[in-house]
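Next come two complexes built around subunit A: one with subunit B, the other with subunit C.
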Partner chain A sequence: MGNESDVRDRLMTILSGMLEKPPEYTPGADIFEDFGLDSLDQIEFLYSIEQAFGVKIADETFEEQGLREFDRLVAHLVEHQRLAS
Partner chain B sequence: MRHEVQSDLPKLGHRDYIQGGSIFNDFLDISDQLFAPEWLDGAVITSFKLQRESFGNGRIIIADTGLEDVDANAAMIAKSPSRTVYAYYIDDGRPARREPYDEESFYQAVHVGTGVDGEFRFPRGRPRGDFVRAVVGANKRVHQKTDRFGAPLTHIQFLYLKGLDARCLRRSRDEYRVVIANVSVQDRGSEIWTINRVAVSSEGFSSEFRICYRGTKDTQ
Partner chain C sequence: MIGIRDVACYLPEGKLHSAELQTRLGFKPGFLENKVGVETRRIAAADESTSDMAVHAFERLRERYPQEDFGDVGLALLCTQNPDYKMPHTASVVGHRIGLPKNMLSFDISLACSGYVSTVVTAKALMTELGVRKALVFTADPYSKIIKPNDKNTIALFGDAASVSVLEADGPLRICKSTFGNDGSKYQAAIVRGSGTARQNGEMEQFELDGRGIYELLKTEAPPSIRACATMNGLTLDEIDLFLFHQASAWLLLGLREDLGLSEERVPSNIKHVGNTVSSSIPLLLDQVLHNGGPLPRIILMSGFGAGLAWASVVLRTDARQ
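Let's look at the complex of A and B:
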């Protein structure tokens, strides 16, 4: 749980920086539709994740695994960290 | 505060579109008129994005808060200790005059590597308007020359830059060394999206920012 909370906080920090304000989280929130990232932001967001978490997420993985949904993205990164430890 | 002006952006040289560098420079020039040039002291261009290519003239809006009701072709956010500036360009389709351009001979001499990387020298004393044009042009060249993706890239487009220290835009007393290195690639099938790190240095000064491009693989 601590790890999930940490991942969530770090993602929120990245998103706050990109959006110039903290995103308004609701369960099931879509990073693009609900938080307001645009299509150009996607590559920057994935790059920021790569820098912060050491994991490269391909565009197609992002779409196919539904990682636009914030909670799924958190779970994906938590799982990656668990496997890497 | 919301200040709106009609743009008078040129198409430079042989281009059939308006260069992002021209829009960027107009954003800065209009902000200078509104706030006095000192507004750039200590500023960082947080982001400059080209959402869509522009083929005509239109409106430039400068504001002190982000505008969510604007469907802009290009947008900039710049933060300085004194203020945050939001700038937007909306192409209305008004014809653009054509303006000769010397085709940036100063960065044609770019040293190009094979991995979306390269280096060039930005001469001392050139106006700030040439800096972003040179960086954008040199990055385009390294994308044209790379053999990293198994096929040449065509339709190479500048998409955005992030984190540009405004000191890079001051008319420099020294020559800048500008080094371009790729830090991320997203392969989207027929398209490649890249993020490059641009390192700028001169005597007693160094800074880095990121720039993003899209290119289409030419598989024919």
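Let's look at the complex of A and C:
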């Protein structure tokens, strides 16, 4: 637990379950624009992150810190786990 | 045992279609119909009040029972968070307009989406305590009066409706045991700021809905409450014929149904043509169930969840077992 690869895999698992198919990742991909999540999916997605990683991300934080971008979200979660360990 | 005899409902004439909202507010095609699950919402007229809607519901009821004068009603409760006036209670206005007797107890109950279940159970408790043999339970909560037309979070979801339920000492749909919950720490999840004494200087009235708060309510509180209600009534979920859930949104209902392992056939929905009608959503479903020409279900579980945050579940039974 805690390394970037593990976080990526777990996020992809969450997204695959929600989208019913693995999202097509490209560097800089936006979870909404590129993966196809909608505003209601955001609610479920952030809840799933909370359940999986123990991190509660507020809607405002999600927007303000650019966490819609998959890579930035991974970095955010990796940093959270580093600080928690 | 106190039970529900009948339910009558009213839908306003005005309609707001999802196609119009899609054009006006830029929703993605299909989002409103598929994810939110609403094609059309009914909207009260600008000059149509909460009591108007409740009275219309009662007129539907009276059409079914033209010989009944309802002069023996001993209790009238009205569930709304958008009353005609802050004072007096809207139940009093409605009671006057429909000719209810003076020698009865009547008041408003301020609850939103959990309101029908809570008001029905409250009515049963009062009927039991006071020896009242007939009661009316109204729901009428026109959210169109408080929603901002360009608020994408809310305008697509809610519709207006009203209902009246007749409860009697030997009503056929016996009201059994219930479960409740209230989490005031999340009171801001569904709130009309600037609407009461907690108003900040310069604050304007504004309905705000936190989708995350409601989502978490349905994930964390609703399923155990529903299971506990079944258990309290000596039932498993499999033994319950029909689940009438508050119609929050198609997406939330699907999640709740999946979390409980319930088939679609046992969880009817009407949100497509009326939207989320707040405390009227469950009685709208019950009205359909009672008047669809089929046999009455033996066991029904009703569950509502929403602003407060508050949630409530109750079992209704038509069979001989208690």
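To be clear about the criterion, the second predicted complex is superposed on the first by the 83 of 85 C-alpha atoms of A that agree within 3 Å, B and C clash if a C-alpha of one lies under 4 Å from a C-alpha of the other, contacts with A are read in each partner's own complex, and residues count from 1 in each chain.
We adopt the following convention: a residue touches a chain if its C-beta (ideal position, glycine included) is under 8 Å from a C-beta of that chain, and two chains touch if they have at least 3 such contacts.
Model, not experiment: these values are computed from the prediction.
Participant: Looking at A:Asp59, would you say it contacts subunit B, subunit C, both, or neither? Reply first, second, both or neither.
Facilitator: both
Participant: Which partner chains sit in contact with A:Glu20 here, subunit B, subunit C, both or neither? Use first/second/both/neither.
Facilitator: first
Participant: Quick one: is A:Asp38 in contact with subunit B, with subunit C, with both, or with neither? Answer first, second, both or neither.
Facilitator: Both subunit B and subunit C are touched by A:Asp38.
Participant: Using the superposition on chain A described above, determine whether A:Leu46 touches subunit B (first), subunit C (second), both, or neither.
Facilitator: A:Leu46 sits against subunit B and subunit C alike.
Participant: In the superposed arrangement, which partner chain does A:Glu79 touch: subunit B (first), subunit C (second), both, or neither?
Facilitator: After superposition on chain A, A:Glu79 lies in contact with neither partner.
Participant: Can you list the residues of subunit A that meet both subunit B and subunit C?
Facilitator: 38, 40, 43-44, 46-47, 59
Participant: In their shared complex, at which residues does subunit A touch subunit B?
Facilitator: For this pair, the touching residues of subunit A are 20, 38, 40, 43-44, 46-47, 50, 58-60.
Participant: Quick one: in the complex, what on subunit B touches subunit A?
Facilitator: Answer in residue numbers: 46, 49, 51, 66, 77, 159-160, 162, 183-184, 186-188, 193, 195, 210, 212.
Participant: Please give the residue numbers of subunit A that touch subunit C in the complex, ascending.
Facilitator: Listed in rising order, the residues are 38-40, 43-44, 46-47, 59.
Participant: Considering the complex alone, what residue numbers of subunit C touch subunit A?
Facilitator: 28, 31, 35-36, 152, 211-212, 215-216, 219, 249, 251, 255
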